[in-house]
Amino acid sequence: MSGIWGRNLKVSIFGESHGTGIGITIDGLPSGFEIDLDKVNFEMGRRAPGKSPLSTARKEGDNVEILSGFFEGKTTGTPLCGIIRNKDNRSRDYGKLRDLMRPGHADYTGNVRYNGFNDYRGGGHFSGRITAPIVFAGAICKQILEKEGIKITSHVKSIGKVEDVNFNSLEIEEEIMNNLLNMELPVLDKSVEEKMREEILNAKSEGDSVGGIIECAITGIKAGVGSPFFYSIESVISHLLFSVPAVKGVEFGEGFNITKIRGSEANDSMYYDGDQVKTRTNNNGGIIGGISNGMPIIFRAGIKPTASIIKKQETINIKTKENEELVIEGRHDPCIVQRAIPVIECIAAIGILDLMKEV
Amino acid sequence: MSGIWGRNLKVSIFGESHGTGIGITIDGLPSGFEIDLDKVNFEMGRRAPGKSPLSTARKEGDNVEILSGFFEGKTTGTPLCGIIRNKDNRSRDYGKLRDLMRPGHADYTGNVRYNGFNDYRGGGHFSGRITAPIVFAGAICKQILEKEGIKITSHVKSIGKVEDVNFNSLEIEEEIMNNLLNMELPVLDKSVEEKMREEILNAKSEGDSVGGIIECAITGIKAGVGSPFFYSIESVISHLLFSVPAVKGVEFGEGFNITKIRGSEANDSMYYDGDQVKTRTNNNGGIIGGISNGMPIIFRAGIKPTASIIKKQETINIKTKENEELVIEGRHDPCIVQRAIPVIECIAAIGILDLMKEV
Amino acid sequence: MSGIWGRNLKVSIFGESHGTGIGITIDGLPSGFEIDLDKVNFEMGRRAPGKSPLSTARKEGDNVEILSGFFEGKTTGTPLCGIIRNKDNRSRDYGKLRDLMRPGHADYTGNVRYNGFNDYRGGGHFSGRITAPIVFAGAICKQILEKEGIKITSHVKSIGKVEDVNFNSLEIEEEIMNNLLNMELPVLDKSVEEKMREEILNAKSEGDSVGGIIECAITGIKAGVGSPFFYSIESVISHLLFSVPAVKGVEFGEGFNITKIRGSEANDSMYYDGDQVKTRTNNNGGIIGGISNGMPIIFRAGIKPTASIIKKQETINIKTKENEELVIEGRHDPCIVQRAIPVIECIAAIGILDLMKEV
Amino acid sequence: MSGIWGRNLKVSIFGESHGTGIGITIDGLPSGFEIDLDKVNFEMGRRAPGKSPLSTARKEGDNVEILSGFFEGKTTGTPLCGIIRNKDNRSRDYGKLRDLMRPGHADYTGNVRYNGFNDYRGGGHFSGRITAPIVFAGAICKQILEKEGIKITSHVKSIGKVEDVNFNSLEIEEEIMNNLLNMELPVLDKSVEEKMREEILNAKSEGDSVGGIIECAITGIKAGVGSPFFYSIESVISHLLFSVPAVKGVEFGEGFNITKIRGSEANDSMYYDGDQVKTRTNNNGGIIGGISNGMPIIFRAGIKPTASIIKKQETINIKTKENEELVIEGRHDPCIVQRAIPVIECIAAIGILDLMKEV
């Protein structure tokens, strides 16, 4: 039981990669909010594959049909359900994968968890495709936050070993935010873009894949959002980020690197800038004691290399109980990091909206 | 609202550092479980300060009184509440801290969040002291897991820039686990122990503090625990870890480093070892698709340097609305990393037990 | 935020009477359960209007399309979503009801609750039509319970002032259960059936409506299901029953009448019948301290007269802020009691399954 | 797992009748609320036994000690925990009740539910004594509601077959509310008071007990509180009321009697009284579609006769597996209806506050 999340804003996801349809229900939206569907589709488009040689050629038909909770262009306040039909759900491609477990995918763990009754085709409910409805829901939340002056922006911090610089954690300029939104590989230091592209295409040519790190900034959030202990901002955001298949690490502010500096530096001295409270540094990523302090919230998510590769791999056949070699034919997705950006931003938007409804 | 967590096992915490008492209620324990109170006290002792020059000299009276849910030495199955009285709750020491916000502490964010009505003394509800009841509850969960053959073990992966080696993520030997349990600074490579100690004492002598990283392994867990998406093992464990004040980063398996390798390596090839399914590597830390695969679960938590330092700091006075310098007198805690180990292990035990009750 | 319910089994509903579609997602079903879709459709049919002069002539197209969680005829264990499209969603009929609040309906309260942005057509999200997906979900739960030997049966205890006898609360015979399932007005004492029919048709001919009481029995449930206090069987079942629009009273066992007898009688003496524990009477309706005692669980739900009438009524116009007379033309539903039976049974099945997953 | 309830305001109860202590944690209170402890104690006093010949002579020491969440006379906004120590927890009285199950009590069902490990003394966690902390928590919520102009008032609608008149459901006068608060047997029609007293004392003299019905009114609540379906006011209030041991029936407005009238009457015609929306009748008890309409919320709870009687009863011995006669010696409680009033009011206050925090 894991498709429902939230306290003050709840989402309920469903669907399998090759089933009839996937979707999400959002409960707890304010009534009367005018949804900008173009903006929602823009976010959906950022996530969709098939648009660039950097990702898989598979085209997904990510047209969301809103079934409820939306009347005369505005939210009603009652549950809003959006569904996406799976157009191309031929199961023949997946015949041998009923028994042959793809390493790095949830084929084996899903099989054990659901006693062999899970829909194995294309990863079923474990497919990254289920993040499409999450982007749909989060894109709405993002709009609501924007009305409150809160923006969520990201860049590719690294692809494999190629690294971009970090955000200036004290202030993210409007112009930078806008630029990042429209880049295929959004980076701050444009000189690394080409190297990242090479990293991806090299892996692709070998039938292999690469991962990377996404750095995200939430700006415009007032001090006082979040709670101590079990509903700290870090708890809520990390919970959601780790729901995204492929995320293996999450850190806030300086994150693991804050352990390398002394307390006197890590503490982020405070001062009044006029009547506004600010900190001289932002090692804590805008969160102290689980609660926002008014500085930008900064976090990073580590995305593992795409599990879908076409290189030969060693694995198990659960029917014959023997070890086998696995070669998957056809196209593959050499890198999902850039496409994961809207997922990370949108799922964070869900979390922030839930937290803000608390205060 | 943030003191209650859980689905199949729920915990409800309460208390302030200098209030009357702190405690926790655990709802959902099995009935008839014989609690080994000595083992519980052992875990409490690992967390308690005042035992070594490496931590603060403040002595906490962490004697838990069980009020309910425990009858004739066994759990009843109804809510078990344990409380700890705060012996030394003089508030005079904290007079000036009503208005002067300590950097790195939740003084300012807590003040905003609770409109100035929070108990500011010693950090109030934000105090690390509230982790004592969490250790109490988690120590019980740990015992229950042990009965199922599941063990949780940790070592100090780093203090400041001094690093220990990593766990062998394919198998943790019983002997290593036992050794770690009884070391003041539990490390795998004993040659780094002395350097870590120096790192701590150096910071202490300067009135400063250091942080570090804890690496934790959960062994003996069968494949099939956890769920896709919102209740992945990573989501649940990270949610709980980030509840602990001072945790700023969490990663599973190779974590952020998995982004530096190729998919073909990251995928952890599978094979049958007899009739047992194993992986050749464990880059995913025993978790694929949010679900355990039977390999050890490996994660790391980054602990920021203790916020309590006695070095002069720049901060704000919320009464006068002016910037001020802050010097806190008396003892301080130069490093909480080693004391955070039982907290990390026990809170993870709560999460794992909750997840196991799902399947 | 009210469309999501459950702990161990969760349901998430959505939809408006005249929107695009309505539906439900069920999270927490066991994997590998073979759903008998004919049985599901049978329950849907019991609820559907348009089949008899006793209910409205409006035909609803209650064909559920399962989008997810169902693979090769069996549940996958991941969220199962079923949707029903609204075929006939012309809004023109409802023009004047935008401002004119129908008494007894949630037009006014819904308008206030959602600041005027609710979909007012046909009651929108407040429509009894939303119980169709609940029947769909509950019908699946009912099948799962049946596999465990648990049956849920009901009869119309009263229509207006016409009363049927009560169930024999100590044992409900199999044959009686089967008969009730196939009657248009399921009653125990067939001599009252005709009087009930008259009561309904009389009201209908006057453009008015009647209500009634449904008595329900859950048999085959073992002792030990349910919990003290907040998750008593009574709490869970009443919570769900009162979710059904039109339910205004719920009682267990002798219910309000138990207040008229003495404790010595109310206590239900216990005895061993072989090695089975039974009670001589069942005034407590099979539940003591919130937990089943192995006797049939008996409860009654009072259903208010259908709010949809065509008789002239006094009401308010929220636009003009004036009092007005309201006459709704066309067909109306003189009695929903018989159609509410599958709703009551199916929603109770959801509750019982949730409770059973706890133990 | 049943000791934790709530969404926007959460309570977590614990304790057994004869254990070390009982208590409750409230999470989600506003910060800075000044609690009037005298008023809290007044409510506690209304529930406490031992004050009148109408109830048991057992004296309970219901002094609540607040451990947390309360600082300088005000709520902090963090979890507030209150505990009550059990002074008189001799277990010797209960020796034979380990095996001999008292009818009407949860001795047998609790034993099965918790596999024989429950604390059986005095009903353990199932004891009505656990309602004392609920009154404590609810008394605080009641004060918070009062600040918003919302009052909760009750009278004894019946004791056994002796009936009081009903509230005027359109308006409850302030003076009536005040009078009811200070009567030992709060009734509207004082002529029935003496008959009720006789009914109780008659039962008492025979070692038996009586039950009754409590009618409760919540006034001053604005239209728009509550939600459709799963979080209707009726769902939330009934859920909480049925948590109270001994409640076997709950109805709103005319409740079961609304099924005896026609829709045209049941619909409660609406009109503008100035700019205020009112209804001519209040058959729906102030709730339509689960949401308040601004009229008084009226509900009734049926309380079964106290299970604790001293008359001889037939029961089972779970050790010998034989049927036995049971005679409990000493004092008993002939009627708890009047003492249940503060419990009903306070638990309803918890529910209403939770619902109001939603809107």
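Read from first to last, the chains carry the letters A, B, C and D; within each, the first residue is number 1.
FYI, contacts are C-beta pairs under 8 Å (C-beta built on N, C-alpha and C of every residue); 3 or more make two chains touch, one makes a residue touch a chain.
Which chain is which protein? Per UniProt: A, B, C, D = Chorismate synthase.
Because the structure is predicted, anything quoted here is derived from the model rather than measured.
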Taking each chain's C-alpha mean as its centre, the one farthest from chain D: A
Comparison of C-D and B-D (more C-beta pairs in contact): C-D
Chain B-chain C separation of Cα centroids, rounded to whole Å: 46
Mean-CA-position distance for chain D and chain C (Å): 26
Distance from chain D to chain B - Cα centre to Cα centre, in angstrom: 40
Multi-chain contact sites of chain C, meaning residues that touch two or more partners: 1-4, 7-8, 13, 78, 113, 125, 228
List of chain C residues in touch with chain A within their complex: 1-4, 8-10, 12-16, 19-23, 25, 27-28, 31-32, 65-71, 74-81, 83, 113-119, 124-125
List of chain A residues in touch with chain D within their complex: 7-8, 78, 228
Of all residues in chain D, those that touch chain C in their complex: 1-5, 13, 101, 103-106, 108-110, 112-113, 123, 125-126, 130, 158, 160-161, 203, 208-213, 223-232, 234-236, 238-243, 245, 247-256, 258-264, 266-272, 275, 277, 279-280, 283-285, 287-293, 300, 302-309, 311, 313-316, 321-323, 358-359
